[in-house]
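Chain naming follows the written order as A, B and C, and within any one chain the residues start at number 1.
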Amino acid sequence: MEHSEKLSIVCFSGDFDRAVAVFTLATGAAATNREVTIFFTFWGLNIVKKQPGHRGLGRGLLARLFNLLMGGRGQLPLSRLNFGGVSPRLMTRMMRAKNVATLEELFEAAKELGVQFVACEMAMHILELRREDLIDQVQEVIGVSTFLDRSRDAKIIFI
Amino acid sequence: MEHSEKLSIVCFSGDFDRAVAVFTLATGAAATNREVTIFFTFWGLNIVKKQPGHRGLGRGLLARLFNLLMGGRGQLPLSRLNFGGVSPRLMTRMMRAKNVATLEELFEAAKELGVQFVACEMAMHILELRREDLIDQVQEVIGVSTFLDRSRDAKIIFI
Amino acid sequence: MEHSEKLSIVCFSGDFDRAVAVFTLATGAAATNREVTIFFTFWGLNIVKKQPGHRGLGRGLLARLFNLLMGGRGQLPLSRLNFGGVSPRLMTRMMRAKNVATLEELFEAAKELGVQFVACEMAMHILELRREDLIDQVQEVIGVSTFLDRSRDAKIIFI
């Protein structure tokens, strides 16, 4: 199968609503035969942590604290009107009621559609995250230059 | 008139300052003979609601509540230093004092310059917004794949 | 030296974490022989103010107030979990501990690698910033259309 177009998404944000945007774009693009790569960095790494909840990862005190506070895929906040985490749950209920794919379903669809997941080396280093702290779907940990090289003939979208 | 270049803007944000960025880029590009499309999604839909104020749209309780809280074009908050909505008004005053186009003027200019307004089907579905809840300038309600197809030879900017 | 590719970054955000993303991308791209331009606008102008601290710039009362509150490169907040400005300092300590370039080091590297710094004319006008309020590295103050013209054969990333 030949890919007609390439899309590279830098997933910097760890907000629930922006994560929905990332995976809606990724699956919409992959479903129409585009080659899609998501480069998870900084807050975006929360989305691909193995542990969906709050968990102090890393050995240093600061890294443990930041990872604990940042949490995982199960605790992504809405970028506005979060109301202490209630809104993402209500939003998911609305998505389900309208038969729209939830974030978890979009996430699974992205995997099935062959969307490539890569993680940012530098951000992982700062946050003391190891490869084994991330879900298996993350195929590689790469640097920014490698990401740019691979996105040479792709559109890059920063979210 | 031949278009030399195409620009597609995903307007995800409903912040006042980011909306100014969207419309400044859109009008600047359109004024220099570029073909511009703005794809309004999620918070960005607030900018193209017919009602500029807070209003509970949709039939479901949650949709009504979210739309009420999100508000319309007249209540866009500043992404930082919003001070309960005072800042966007002060910012507009500063723009006027310096003879810089205000958001409302940029909005009108975009329409006159032929910027295409399209709305995201999925986001409207989740938020229970109907076509008639949006301003007439929104020409179509389309899905992500259609947006990507039309942006094939365009630069895509996510704001 | 021939440039194989061009990258234009719109630096709209004045958040510490997003500024790190801007300069990591810029230096990573420039180090691999790409031609990089950063267009500083709105909150992003804080990063290139000569004064790193809070300072009321401009003559009008509102402009002075906004500049005072927005501050400079030394006071960039984290977009989340800022804790009154403590987090950017802790994050910098983590970066240093892991031998990752800090924001200040990335900033210097960008200058040395020939990254072009340009500032947004309209945003400077609204905020009453003058050319001499910005660091010398800012080579030009240009409008959106000029920026788009120069980015004709570049990828554009909005951060």
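Throughout what follows, a residue touches a chain if its C-beta (ideal position, glycine included) is under 8 Å from a C-beta of that chain, and two chains touch if they have at least 3 such contacts.
Computed from a predicted model, the values in this text were never measured in an experiment.
Chain contacts here are complete: no pair of chains fails to touch.
The angle needed to superpose chain A on chain C by their Cα atoms is 120 degrees, rounded to the nearest 5.
Mean C-alpha positions place chain A and chain B at a centre distance of 25 Å.
Under the contact definition stated at the top, the residues of chain B that touch 2 or more other chains are 155, 158. Those residues of chain B that touch chain A in the shared complex are 10, 12, 14, 41-43, 60, 62-63, 66, 69-70, 77, 122, 125-128, 143-145, 148-149, 152, 155-156, 158.
Taken in their complex, chain C has these residues touching chain A: 5, 7, 17-18, 20-21, 24-25, 28-29, 31-32, 34, 79-81, 90-91, 93-95, 97-98, 100, 155, 157-159.
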